[in-house]
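Below: a set of structures, written as structure tokens.
One chain, subunit A, appears in both complexes that follow, with subunit B as partner in the first and subunit C in the second.
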Partner chain A sequence: MKFTKMLLATTALTATAGVASAQDMADEMTLVSWGGAYQNSQQKAYVEPYLENHPEVSVTWDESSNEAVAKLRAMNEAGNITWDLVDVVASDAIRLCDEGLAMEYDPEDLLAEGDDGSSAEDDFGDMIVSDCFIPQIAYSTTFGYRTDMVPDGADAPDDICDVFDLETYPGKRALEKRPINNMEWALLCDGVAKDEIYDVLATPEGQQQALDKLDTIKDDVIWWSAGADTPQLLADGEVFMGSTYNGRLFSVIEEQDQPVAMMWDAQVFDLDGWIIPTGLPEDRLARVKDFVKFATDTQRLADQAKYISYGPARKSSAPLVGEHAELGIDMKPHMPTNPENATNTFVYNYEFWADYRDDIDAKFQSWLAQ
Partner chain B sequence: MTDATDPDKFTGATPDNALRNSDRAEEQAGPVLAADGTPLKRSLSRALRRQKLRALGLIAPLLIFVLVTFIAPIADMLFRSVENQIVSNTIPNTVQALTEWEGTGDDLPPQSAYEAMYFDLFLAAEAKQHTRLGSRLNYEQAGISSLFRTTGRSLDDIGDDVQDVLEDMDESWGEGPFWYDMMWVGNSGEAARDLFDTKRSQLARMTGESLSGDVNFMPSAQMAEMLPLTTQAYTSWAIFAALVDGDTVKEEEPWEAVFTALAYDLQNGGAERVAAYDGAGAAQLQQAVENLDQIPQIDFQAIMAEADEDWNNVANWRTIKLYSPDYTPGYFLNAVDMQDGLDGFEARPENQQIYMMLFKRTLFMSLMITGSCILLGYPVAWILANLPMRTANILMILVLLPFWTSLLVRTSAWKVMLQQQGVINDVLVWLGLVADNDRLIMINNQFGTIVAMTHILLPFMILPLYSVMQTIPPSYLRAAKSLGATNWTAFWRVYFPQSVPGIGAGSILVFILAIGYYITPEIVGGTTGTFISNRIAYHISSSLNWGLAAALGSILLAVVLILYWAYDKIVGIDNVKLG
Partner chain C sequence: MAEVILTDTGKKPISFWLPVVAAAGAFAGIFVGTANGSTLAGVLGGAILVGLLGFLAIEMLGRPMEKTVRWAIVALFVVGGFLLGGIPGAVVGGLFGWFYGWFIYWIGYNRYRAKLVPYLTPGQVLWHYAFRVICGAIFVFLITPILVVMPLSFNAENFFTFTPEMLSFDPAGYSLRHYRDFFYSSDWQQALWNSVSIAPVATLLAVSFGTLAAIGLSSEHVPFRRAIMAVLISPMIVPLIISAAGMYFFYSRIGLQGTYVGVVLAHAALGIPFVIITVTATLVGFDRSLTRASANLGAGPVRTFFKVQMPLILPGVISGGLFAFITSFDEVVVVLFVGSAGQKTLPWQMFIGLREQISPTILAVATILVAISICLLTTVELLRRRSERLRGMSPG
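And then the complex of A and B:
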């Protein structure tokens, strides 16, 4: 008698527990990303396959990654987090983590093992630059130039310092309207050794040196603030060369078939990935965790490279990178991490820019306005 | 904008006039009485009050809506331009310790400041608040952000060392219940309630939560006297463990800062006091005293300097001291290119000055845009007002169509028109007016911004002008001419003065819209055509320096209000007509 009761009770408990765990996940998810081709690649590579397995889930996109940090801060102050998973660049992830707006996670617990059996932590390696950052892709900021505007008798530009060489390569340049990257390139072309650049840039004299170098081309620069600007300027023939994200240049060259080529020299590597906002309710958190585990596994990350030329953050994904989904071209030569492209590279110095961003930006903006 | 029942405007029997009359009558001969015997004044004001309340009730929904969704958020945002409580909330004891330090010379702050900073920062790091403070102070001094971040990572080390040594002596140092029994007031002892309350309110202010739950711990006064620092550190930990982490205090091993504090206490007079102690943990404490030489020497300055050598940089301490008050003029100073230095306020280095220039540029360009809108809009409005109704309506669509088109579309269209490979340049080259390799630069500068914004804001000038001009009877001009005026005199002396209210309304609209414009200067402004609003947007969404953004916004708001006031004084706001 007693035994049966207990048995019944246990069955009832397990049954409810089983039901509960299925119901414990929210059916709605708001993902935040950058819009455009990049968000499209996430939709195709992560979301659509996930929805096939979970038809009850509905996914909403919010194209707000650009001001994600500000908006998350405001949401946090208002006590109402409406986002479930946010795509941000690594430096923003560090800031969000610093401010306690992003959730710290345990890679072994949250992320899937690599296909080759390596642990998630090893598979992602150094890419996990912050305790809150779930890496997806490596991208780079690099230069593209108009092949039909290369002056007669000159070789195609293949050195970062060609950007500063107005005699050999006259014409406008497009540079981003912020000090990051530009200051490093300027110092590099002003004779500062690569491994001393940040030591020099930390001093007021070094900052002035970089600005002085930029001053030599200032009259020929168009400053961009959105990633789509440079591709447009190149396509219009408004500029001869310009910096932007390598995926944007890929689509100008391969998808739009413009006479543009890449100059991979001194490309600056940066990372992009997810963060989970802090303070999500249990059921939404459970759904997000389930999705993230799926969306960052080896195959999914490799699949994303079918749609956009950004390198997957997992080591185990690299061998799986194949051909473009629509154009059918091999994507490997277009990856910033491809050995031929990565002969001379920079890695975005998160710590340095976290400290000096405000300071150098004030000087940079005041220099721009003069 | 005067009161509708102002005696200047209306004579006769309005309620307000009746009130005034009764006032006057009262001065001459006692209160005037109404029919029912109550003083007329009182019965009138009662009737009036009811009326006013009803009027208020009618506008209440809108008033509340505007207050809640517009005025309150703006006020809250602007308040951030002076608010600075994060420093005293996060490191309260350090702020306290720094009050005794001058900070003017090259002397580093006293040991007590380092000690306070160690424990404040340790607690802040556990609560994950230290990097927030780091980002805040980094606006004032580059490098503090990483100073706080790296320090937060390595503050555990020294406490770990002490703990290892103590546990080698006696296992019980690593056990929660042992610590609890030692620090707890017990059933009969005297409690250090003040200490407990201080620590709880400090933690509550830091985390911004009320922290009202039950901690199940109360430090003993005896311990607080014998091992003061240890008791403080343990109390902080206990409150944190119970109320933030939700743990049971008795079962948990305290965090590293408690061990650091114990070592410090024993090395600084605690050893003698422990000798006479016979409560819980006495044996272990006395054993620790006997082996005091094995315990690492605690020197808070050295600990902090080891975590990051920048703690020996007096400039960082000076920044912390300078920005420790709850309210700061710092953001406003920054917004006018100044800073708070040792000898009062001073100008920023020249290569960092930007905001005054941007304010001036914003004002100048807004005036230019308003001026060109008047020049272009006036003739259009005149034609519209003087054409037959049917034709005017059709032409009106040409004015309104761009008005209804998306702002972004119109701005991008100007980009296509004005750029060097754009339509205008192409035409000029085709006509041979401009050489192909010397095309005009008409965008990404002030010219481009003024052209695009004039186009976008033109309807705001034309519409009020048109509605004012419509009310001017054409017979006035004919009368002037029949009296012998030339065309110009008739226009200038008769027509123009009557259209001034329209110019006034249009100018105010255009100018105030222009001064806060953001998206068009961002897209076509390049470096010389951007406005102050672009910097405000940058500080809101990129640099996250909301205090500075709020200060810049407050100044912009003040400038607009002052200009509005000046306009009212010079032209008179009553002369503005929207129709």
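And then the complex of A and C:
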């Protein structure tokens, strides 16, 4: 008797709540992202405006994008999906999609049209690298160097091969502790033509060639694993130059005012975006869809560039990129996609690394341990 | 303690003290020399400088001038340090000067034997001091990482770096911005609130269950006491990551994963072993005939427990509770699995901050947590002393 009463009461409550939020949408959302300045840009550019329009919604952030693949697997196994929307890099999105952990979507249905009237599919273009991937930004992995540690008489480094030139530019370098990007850069500086790099890297000899090139600077490399490492090492003066995400370097240079400058040569573009986990209950899925439509529209993606120097994934957003929200500086010259910065670029080769990653990873790790 | 002089102090032969003092000088010279470019020059310079000072102090000026000489050495090192390294150099130099002034007289006048019994061999004396130096080195090794964090948390920059301004004690190099960041950021405040609302409840549960279990397990008629004890202690022995993964899948199935109750229960399970161990240890000294006497006078078991047993084992209960509290307050692995973003505790937030963004706010929080931990451990120690005093085990 008592139980039935309670059940009735709960149903009534749920029903009223449902009516209140128009079309049966959940009022709570857990968003997963990377923390730090990046998450802050998402909070400011889309979450806060969304909450202003929907005061009944509450958003919780979970800074777990780093281990999103593993955690989603565990959640799926336990049958308990606690995340609503997950921010991942494109390669993770492809993996999650292949494993059926991320939901496939129809761009025309889920995403808003561009401000210029172009369809969502055209507006994002080939940024949609997977059927599950909802692109937000393009970022690049590139180098920064200490301006006060450039040797006397030498020009400031402006060529990727300066990383491998210990004679002109002595000092430590920070490189990411994984083969991706490092192998490409090594081959490029070992005389391999840019359009042949992946053909060479597919062969064991080519992999050895890249490792041999890296061997020439191995003693002067500090290996990093978190995006925050290189900024810290540069600020400490522990390294002369180091690779990291361009937004991190922007923050070191412009926000923290450190004597550091960018070296854009041979920057590697990569994409970051949302995925929706599979198996969300109806009401939560409805809320997420509503949010995603808003958060990836032309204006919101352009707004994000006010807070961090990553390029919006929509073509129609590019002309709207303006000034930094706090510093008031023009953000266009700091975008990796800015023509002056993008004279020599790579695009992360998803297919190649999907096929060769395990193999080359193993070689790279054993080379590191030597 | 009164100064007792057991062995006469007199001047030692120069052939003994000069090499010792010079070697000590050479040791410090290694660091000064390396920092300034040449290790060898540092070693030689240090040995000659301190040797000369020693000669001057002991052979020429002697004991009557001791005070003046020692102040002069301090002044000399301060000036030298200032020339080499500015204000921080002067401070370090002053400390070195004080040490060498003291060391020269200590060695030169046989003072190192003053408090030791006369019949010790030189080897035994050497070991006496070597032992203390080793102990000191271990202590420094344990405590330095914690001490380094504290000044860094007042960094005005947003990096884990001792800036030149900090090293020259320029007030502009220091700020409270990271403390401000902690107190004004909603992320950190939410995390603090989560920690503060999870830890006490988990502690309360751990203390209640742990104390009951300890009392039960200490009475002789309980069968399989050792086996039960082992099971209850197991969360302390099993690697945390295993417990965490197990709890994750179990709690997911019963709908506790990602809830406040789930995290509290998980933390209580981790805290129970500490309570059991401390309470069991206290119960060893508890006289069972007191409960029988109480029962004989007509008190029921519950009344006996609260009026007779509880007050006597309270110190054990409280120190177990403190350990349980600290476990919950410092725990990051289990909460990462069992909690969801809504139960982000302080250690979780620190873990994120350290991985995604190396911000000194973490150091500010660490400093605050260290201060809290010191307070809690001081409380434990005071309680322990009180219980010893009450039980007549120590006179103080």
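Everything that follows uses one rule, which is that the second predicted complex is superposed on the first by the 348 of 370 C-alpha atoms of A that agree within 3 Å, B and C clash if a C-alpha of one lies under 4 Å from a C-alpha of the other, contacts with A are read in each partner's own complex, and residues count from 1 in each chain.
Note that contacts are C-beta pairs under 8 Å (C-beta built on N, C-alpha and C of every residue); 3 or more make two chains touch, one makes a residue touch a chain.
Values in this document were obtained by computation on a predicted structure and should not be read as measured data.
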| item | value |
| --- | --- |
| First (subunit B), second (subunit C), both or neither touched by A:Ala193 | neither |
| Partner with the higher number of touched subunit A residues, subunit C or subunit B | B |
| Touched partner set for A:Leu368, first subunit B, second subunit C, both or neither | first |
| Subunit B versus subunit C as contact partner of A:Leu327, first or second or both or neither | neither |
| First, second, both or neither for A:Asp236, with subunit B first and subunit C second | both |
| Subunit B versus subunit C as contact partner of A:Tyr356, first or second or both or neither | first |
| Subunit B versus subunit C as contact partner of A:Gly79, first or second or both or neither | second |
| Touching partner for A:Ala37 - first (subunit B), second (subunit C), both, neither | second |
| Which of subunit B and subunit C A:Asn66 touches, first, second, both or neither | both |
| Overlap of subunit C and subunit B interfaces on subunit A (superposed complexes) | 66, 236 |
| Subunit C-facing residues of subunit A, complex | 30, 32, 34-37, 60-64, 66, 74-75, 77-80, 82, 226-229, 231-232, 235-236, 256 |
| List of subunit B residues in touch with subunit A within their complex | 128-129, 131-132, 134-135, 138-139, 142-146, 149, 351-354, 357-358, 419-421, 444, 522, 526-528, 530, 535, 540-545 |
| Contact footprint of subunit A on subunit C as seen in their complex | 157-161, 187, 248-249, 252-253, 257-258, 340-342, 344, 352-353, 355-358 |
| Subunit A residues within the subunit B interface of the complex | 66-67, 69-70, 73, 95, 97-100, 172, 177, 208, 222-223, 225, 236-238, 351, 354-363, 365-369 |
